[in-house]
Amino acid sequence: MSTAPLLTVEQLSYERDDCNVFKPVNLAVEAGDILQIEGANGAGKTTLMRLMTSALQPTAGSILYQGRSIAQCRYEYLADILYIGHQSGVKMALSAEENLRWMSPASTSANQIAEALVTVGLGGYADVPCYSLSAGQHRRVALARLTTSRAKIWFLDEPFTSIDKQGVAALQNQLQNHLAQGGAILLSTHQNLAIDGLRTYSVEPHADRGELR
Amino acid sequence: MTFQFESLQQMWDMAGHGPYVWTAILVSLFVMGWLLVRPLQQHSAILKTISQQLRQREQCQKEHQSANTSEEDK
Amino acid sequence: MASARNWNWFHRMGSPRWFYETTGRWLPWLWVLTISLVLTGLVWGLAFAPQDAKQGNSFRIIYLHVPASFLALAGYYLMAIAGAIGLIWKMKLSYMVMKSAAPIGAALTFIALFTGAVWGKPTWGTYWVWDARITSMLILLFLYLGVLALQYAFHSQEAGNKASAILALVGTVNIPIIYKSVDWWYTLHQSATIKLTSAPSMHPDMFQPLLVVIVAMYSFYGLALILYTRVEILQRERKAGWVRELARQAETQEPAK
Amino acid sequence: MIATSVGFSGYLKRDLLLAYRRRGEAASPLIFFLLVSTLIPLGVSPDSARLAELAPGIIWVMALLATLLSTESLFASDYQDGSLEQMLISPQLLALTVLGKVTAHWLVSGLPLTLVSPVIGIMLSLPGEGTVPMMASLALGTACLSLIGAVGAALTVSLRKGGLLLSVLVIPLYMPVIIFGSAAVQAAIDGLNWLGPLAILGAMLSGAIALCPLAIAGALRLVSNN
């Protein structure tokens, strides 16, 4: 088991309406790795992330979790990953605390949830309905999941969007802690991150997409 | 097997049922014919647009090349 | 090796190009067959079959009504099966067949309903009755329209295909339930004056032309389905080399005419 | 497999809470149901004998339309705010999660309609024998409608104007439900055995509970991504 990397992506490709989105992707992520996914706007960063979380089905290629295809260990894999996308999944009608409650593992205690909200700087806002919070605060509600989650692999799509400087610093700290505890992170961002051992992978658009439709 | 009517006129009339029978038959045949003609039209239309696109692109490339060569001449 | 060879035909069948070229060879024959069968069947039925003792000449509408209803229903199952194959084996050709089957099926259902209504007027004195079979046919038309509408509602071809395949499958599960319940509903409300059930046995002289038009309709259905699918193939594969070659050939042929 | 029950009850609770927070929106099908039932006597006739004759069918048609109205939003907000995506990758059986959502939908749409229907029955002079069968058939029938409607809602979730299309897709599939639903009420009024049609509605409901979540889950996975 120890020989296989945490996550391996082999020759992964995805067709949308008979058009390959990007050139086949190959990458491997070990425990403690952080991988920044780069690419121009529309290159397919989000698509690649969603493929790796199994929200999309790849056209060809495979994704291996600890050496096994994620089709074989689907629920085990899904329990070990956390994905925060562009749309954060925050419900406007619910309060910050209620939002975090249903997005966290069932065994999370009320204390842990309150702590997680303090961590992202929403200490006094637990009971406030989310529609009266700002965009940056919505993002923080979603990011509070990082504290309550027990996932090994984090997929973060543009996590720094609409977050202020202090928030960025706090988030970087949190990422480093996760890596130190043996987690892995894949993220896409246009920020320059000051994290040791940061690797980058650039998604290249497939030649198909330049063709006339 | 015998022809059931004494004349074509009678067949058209069908003892008063003619309007019903022939409307049904003609409308049905019209719809069926339309089902065959439409794909044929679309078939040739698609081929035409493809060949037009190809020609435009070839022309574009030629102009591009000639522009390049003229630049080289300078 | 052996298993690879066994599956070869399946993959070849899934190739749009193979389908296009093979059916291209069949097409002339299918045209001849369809037109001759339709003409034979209709002339036989309209001019040579004896007239019905009770309904007179209006019964001759049966020679389009019955085959159209037949194929309308069978076509729905064909569409659903093609959709299922597309979903399970991700076969593009199968989706194209499914997409082509929808307008043909809808048109045939319309023919069945229209001829039924026109037949009803001289026979029962009304264009429309809420009979079990007529009502089921109307619902079938709605099901077809739903699949068509869903197909074209999506910008993405792929999403449209998948969505309408699922809808067609849901519809197939429902068709027997709908038919049974409409049947039951009809017996509940049936007024004794109108009985649409035809005579149990049909005179052979009437039945033989009916058989011919049913076969003719199958042939017509096959022809229309192939024609529509070929259009789909050209549209989807327009970037492929062989389609471009085809377009060039068609262009050089045209001015010659 | 504790996780699976969490998926069901978690989403059930969340959707009920959401409906409670947006009470006005959640109540609108019910208000629609009441409003349209006042239109009928105005449009047809206030004569109680004529109304009584039409009542079972009218009540059922209105219940169907009211359920349809609320079905469109079943997955729409989840799709927009990204929680549908989280649902797709949560480590729970999607079909059960979806069943939780549909149950919540029925609890806020079908159940209130059922409970209010005796009032409408009185307004439309529905004979007294019909009341209990009407409530029973509405309870079973609206659950069927929620499940079938959810399939259509899942198929059209990524479309901007899916509402009209949804009704085109779903109404043909609703027909068996309305046939047996109104038949049960009518049978009771005519003094016949109404448990027969009701039993068939029950059979339909169990079939729908078994099959619809699978179709909904498949539709969400395949269609919402594009």
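Should a chain be cited, it is by its letter among A, B, C and D, assigned in written order, with residues numbered from 1 in that chain.
Rule of thumb we're sticking to: contacts are C-beta pairs under 8 Å (C-beta built on N, C-alpha and C of every residue); 3 or more make two chains touch, one makes a residue touch a chain.
Since this is a predicted model, take the numbers as computed values, not measurements.
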item: Set of chains whose contacts include both chain B and chain A; value: C
item: Comparison of A-D and A-C (more C-beta pairs in contact); value: A-D
item: Distance from the mean Cα position of chain C to that of chain A, given in whole angstrom; value: 48
item: CA centroid of chain A to CA centroid of chain D, Å; value: 36
item: Between chain D and chain B, distance of the C-alpha-averaged centres to the nearest whole Å; value: 45
item: Cα-centroid distance, chain B relative to chain C, in whole angstrom; value: 19
item: Interface hub residues of chain C, defined as touching at least two other chains; value: 156, 158
item: Shared interface positions of chain D, touching two or more other chains; value: 225-226
item: Two or more partner chains touched - positions in chain A; value: 16
item: Contact footprint of chain B on chain C as seen in their complex; value: 42, 44, 46-51, 56-58, 60-61, 64-65, 68, 103-104, 107, 110-111, 114-115, 118-119, 121-122, 205, 220, 223-224, 227-228, 230-231, 234-235, 238, 243-244, 246-248, 250-251
item: Of chain D, residues touching chain C in the complex; value: 151, 155-156, 158-159, 162, 165, 168-169, 171-173, 175-176, 179-180, 183, 200, 204, 211, 215, 218-219, 222-223, 225-226
item: Residue ranges of chain D in contact with chain A within the complex; value: 3, 6, 10, 13-14, 17-18, 21-22, 77, 80-83, 85-86, 88-92, 221, 225-226
item: Touch list for chain A against partner chain C, complex; value: 16-18, 211
item: For the chain C and chain A complex, residues of the former touching the latter; value: 92, 156-158, 236, 239
